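See structure below.
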Amino acid sequence: MRRVLRPLQWVWLLVVVLLVWELLTRTVTRSLFVPPVSEILRTFGDSWFAATPSTLFLSEEFRTNVLPSIGRIAAGYAIASVAGICGGILLGVWRPAGAFFNPLIRLGMSVPVTALLPLAIVVFGITNSMNVFLIALGCLWPILINAYDGARGIDGTMTLTARSMQLSRRRYFLNVLLPGASPAIVAGMRVSVGTAMVLMVVSELYAATSGLGYYLTQQQRLFRFPQLWSAILLIALIGILANAAFAALERSALRWHHAARGESR
Amino acid sequence: MTATIGGEKSMTSAVLEVAGLGKSYRSRAGDVPAVRSITFDVRPGEFVSVVGPSGCGKTTLMMCIAGLLPLTTGAVTFRGTPLDRPRDGVAVVFQDYSRSLFPWLTVAKNVALPLKDRKVPREQVRSRVAHALEMVGLGHAADLHPWQLSGGMQQRVAIARGLVVEPEVLIMDEPFASVDAQTRTSLEDLLLRIWAETGTTVLFVTHDIDEAVYLSDRVVVLSQGPSVVVADIAIGLERPRDQVATKQTALFGELRGEVYGLVMASEKRTSLAGHTDQG
Amino acid sequence: MTATIGGEKSMTSAVLEVAGLGKSYRSRAGDVPAVRSITFDVRPGEFVSVVGPSGCGKTTLMMCIAGLLPLTTGAVTFRGTPLDRPRDGVAVVFQDYSRSLFPWLTVAKNVALPLKDRKVPREQVRSRVAHALEMVGLGHAADLHPWQLSGGMQQRVAIARGLVVEPEVLIMDEPFASVDAQTRTSLEDLLLRIWAETGTTVLFVTHDIDEAVYLSDRVVVLSQGPSVVVADIAIGLERPRDQVATKQTALFGELRGEVYGLVMASEKRTSLAGHTDQG
Amino acid sequence: DGGTDTASGPATIKVTSFGCEIWNTWAEAKGVFAKHDLKVELVKSTGGSAAVAAVLSGAADLGYVNGFSAINAYNTGFPIEIVAGANTNALPPAKPAQGVFVGTNSPLKTAKDLAGKTIAVNELNGLNQIVTSTWLKQNGVDVSGVRFVALPFSDQVPALLSGKVDAAQLGYSLLGDNNGKVRSLADPFATAGTVYIATYVASKAFVAKGDTASRFHDAMVETMAALGEPANTDESFALLSACNKVPADVLKAQPQNALSPSVDLTALNAMADQMVEQKILPKKPDLDAFVPGFARS
Amino acid sequence: MTTETPVRPVGAPTRVRRRRRPVPDWVLGAAGAVTLLVVWDLAVRTGAVSEDSLPYPAAMLARAGNLLVDREFLTQTGHTLWAWFASLALAGAVAVPLGLLMGYFATLYRPASTVVHAARSIPSTAFLPVAILMFGLGFQMKLALAIYAIFWPILLNAMYGVRDAEPQMLTAGRSMGWNRYRLLTRIVLPSAAPAIATGIRVASSIALIVVLSTELLGATTGIGTVITTYQQAQRPDFVYAGILLTGLLGVVVYYAFTFAERALLPWANAQRGGAR
């Protein structure tokens, strides 16, 4: 009984919200733009899945629009992570470099990446690289800033300890700086998951010939609202999965951090 | 009981010689002297404690001696060569175990870290780490993480990390200040046992006058900062020492009173007067 | 020197009576007993310390006495009435000053807090806060925030907050455990002075046996948890006490040794054997 | 909101706009709207589907929508009607107003060369893509191999010049000062029959309520007739120039689309046929109820 | 730790002391900015990037000066700021109290966090096509998208802030005889305040970026529309001047919030913040 009720504790409100949505759209406000949940779910199945085992039960639409988007997110995010972590730590431990780049980073984070879409098109053309570039640029800032703060926030005693042990630079980076800054870095990477999703959609609204953003625009132009919402639902599911994967990774990789802070979860 | 005021220099067989050590910190307002001029030396195998009023420069002194801070004046020599950067024969144990152990590494890996860049064969690393952990009574905790241990155990890991390099000099800056009174008692006795076993020279900073007297061969008393040596007191208590018996002796009480008097006298303001730091 | 094993009940003039107090924590695995059965009482104006092995239930006991935790068995009475929720005549000072002071309030406002809901006229609040701060030597720090103070000063603010309600009983749970040895010495003497001035009854938990003996009229020794009272030792040291003179007396050494022996005996494992708390 | 005939004064209506439409400028300046008892408030919108949404949500009374989007919205079941036509394509012998542009030195010469190439259009499945696809098909090109890319008009020429796309379909008037850097392969609209590049749509409820919609249609008819007068050309371009800040002589040199305030149902049906052919619509809707009587030609 | 040595606020950077007097940070920062402009200038001068797509920095700076005194630009900036402010005010007014409730009542916390995490997983831009259809291209659409984007971070920070309240402080409050309401107003609220402030600061940046993005992607008023207008007019110098100014606006907003936070919540620095 307990085992059944415990998950219910977590999900009942979500179920209520969806039921209210269904009822409202079926009765009181038959909005042209917001279809009932049941219709979205039906379209969701029809749009993204197919009865063909050879394509892993994924529809043609899924393969042409969703897979490219996921690929772009993965590539952009990976580039941002590597550049952000290395750059941030470097700027964090080398004070003059940090000061040198500080105004540029502040400005960079504040410029809406969307504004650079035209520049990206000119530089990269209508290619995957263009989307990847925009995603990477948008995700870079939170990771960079957090890695910077993380590296600067490493306890002075730890730094001294490492120095007194005469660790090599490489070992110092790998065994002290990187793990020491990792809670902050992971926090930044987590924020960037959301940013990556935002920019995936935005960068595909124009100048793309595939992808979820492209699909959304197309459905909007054709006034296909159930399809539009089923794409939004898919994006939400991808976001939830990405967040869950992240939380799991964080729980295992940063166990020392949470435990050291005396957190229960 | 022998007290040589001013810490006069003695034998040349010293493992560590601190001669006229002075250190100023640079700040916006100008140079701030933390240590004026400190001279003393430590003979091989000796257990020397340094006490002094808060903020008098004890930590600064230890950092200079460990080669972690450049000196402003004077010199520190370790077996005759100047100590201007961290050296192999010198290990440091810091006060705050929670900040000097790396929480992302297991106990064994924390202890193994100082051996890592020294081309010690892997097999030997393993045995030395095991031995160091055995010495501090933590053989069973090798695969745990620091945050799975109590404070006293963590500090023992830090001591094991100091010992694993088999240092000639072990510098300890208030190592037991963050553990509770009962644990401290155990750690003191543990330290004395290891010191006797290994013959390591120990240079020990503490706030606790009982602790300094209980542990040491000599207690160096510093003045209010910028500090100089006020007294260098030989502690003639018998060894091995015992938490109850030793502390019940008249000599212990006298030495304790003497050091207490010196520290209090050198402290211009009592700590209750208090200064604040705004912003 | 009088030691009454088992803490037998005496006069009826007790301000605080703890009778057969037992406390279990509920957990998934079932009830975990922390305190088995504790009986002792405190007479008005007395300074009573409670010592015992780590984890034996001292904090649990204090929380129960302060009315912050419901008892499982037994009763606590304060001037004859049961203490089942926080009462006006009882104030608590916690160990960790950094977590019990409110950083968003100034020192003066922190100290004024307990008077807030008691319809004390504003003018009187001001003078009582000023007086409490004067007592702990922080008259000048009224408008600072806790995070602008040193650890010792923060703990003195916590004490002032306890004193401002002019409590009949001041409960202190390891109040000086997080400050360094020198500061602790000053705080101990400060506390003794205030205790003498105000006539407040003090119930004091500590790990430090020297501290317990130095401060108290009586030391209550608890067993390993789930705890019972092992001994209730009267401390016949003369007052006023002095950090050097008192501690040099033979009686101090004896009492210290006695309590030390009782605590060590009641501790099944020494703290060196080490327990780990995982997760 | 809007479209209310108050007892005193003209009816205020909200009309969506892309920027500076020459007929709006003219009708406003010449008092044509006032003459038909209308007070027009222009509401900016950037796309056809947005204008349809504005009309349906009541944010606007009349939406400036390309013909294909309008048919699509009607087919979706939205309660809208076309109350006026606006611009149609310039058919021969008029000078082409549209082009499929490539760089001056591009090796691409004919429609056939575009097989497998990338062509920029302003919106996917929009007017320009449909017309260009039809034109490519007429020239025997397999459209499924052509990649259409949505780019804002402003980004099309830079993308073309930097080689990121092979061709771009847009109007001459949108070339800016890049006229010398590109050349047109053809005007795909020239062989498309009459295409309603833009229309004005309103909600059925708005059309049914009073005669405001038909008065707007009449105002358009009168305005567009005036604009057709060669005598008015200079003045109309001067007015437009004041609005869009492009020098009047530049405007005058640009080929213009035709203006058709009334809707030819045959042409509209032909457009729907193209949409079915390109699988944008599953089957042709009955367009009879789409255009009220007063708006038909 | 030392007897009376002041406590260093948790999280304050420990600076490594150097022998030489360091070059002030602002000089290095200025050097960084100048270096960027020089590299940019060279990139355009050498033809690495075409002048048609990227202007000379000098030209951009001059245009930025023109825009700053341009009435139309300032009006549109006003529109952008108004949408930004309105979204922040509305989202904050609802999300903060809601987050406090959800954090304080354990029975609400679990089901609500599922809904919140599901909702915040949808990037606000995914709603752009629907929002345009539902709200048109005006203020409402901008507001709706910006509110959607910032509602969740504010809510989550308020929730976490409440849950991170120090148990020892609550015990101290209880020892003074406080009831649930007093504990909430006197301890939970002030301890959650730094986390809430962090949430609002983060939200202020997100809101500005979302508002500007909707303007660039369709909305009809605001700085973004000025930029698209110049884009259509093929004036990259103005386009990049506009982008520069929006970036600077973001920087100003960021520092304004940081400053306000320091002034209003001075203890936030001393305490571990609830930022996530």
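So that you can tell them apart, the chains are marked A, B, C, D and E in the order they are listed, and the count of residues begins at 1 in each.
Operating definition for what follows: a contact is a pair of C-beta atoms (placed from the backbone, for glycine too) under 8 Å apart; a residue touches a chain by one contact, two chains touch by 3 or more.
None of these values were measured; they are calculated from a predicted model.
Path length between chain B and chain C in the chain contact graph, taken as the least number of steps between touching chains: 1. Chains making contact with chain D as well as with chain E: A. The count of contacting C-beta pairs peaks for the chain pair A-E. Nearest to the global CA centroid, when each chain is reduced to the mean of its CA atoms, is chain E.
Between the Cα centres of chain C and chain E there is a gap of 47 Å. Centroids built from CA atoms put chain D at 39 Å from chain A. The distance from the centre of chain C to the centre of chain D, each centre being the mean of the chain's C-alpha atoms, comes to 85 Å.
In chain E, the residues that touch at least two other chains are 1-7, 50, 53, 132-134, 231. In chain B, the residues that reach two or more other chains under the touch definition are 53-54, 148, 177, 207, 271, 274, 276-277. Annotation for chain D: residues 47, 49, 52-53, 152, 154-155, 158, 162 touch two or more other chains. Partner chain A is touched in their complex by these residues of chain B: 63, 66, 68, 86, 88, 90-92, 94, 96, 98-100, 102-105, 113-114, 116-117, 145-148. On the side of chain D, the complex with chain E involves touching residues 43-47, 49-50, 52-54, 57, 59-60, 152-155, 157-158, 161-162, 176-178. Residues 11, 13-16, 22-23, 25-26, 28-33, 35-36, 49-50, 53-54, 110-115, 117-118, 120-130, 132-134, 149, 205, 208-209, 212-213, 216-217, 224, 227, 231, 239, 242-244, 246-251, 253-254, 275-276 of chain E touch chain A in their complex. Residue ranges of chain E in contact with chain C, taken from their complex: 1-7, 9, 166, 168-169, 171-172, 174-178, 182, 186-187, 190-191, 193, 265-267, 270-271.
Across the complex, chain D meets chain A through its residues 47-49, 52-53, 56, 69, 72-73, 76, 78, 118, 120, 123-126, 147-152, 154-155, 158-159, 162-165, 280.
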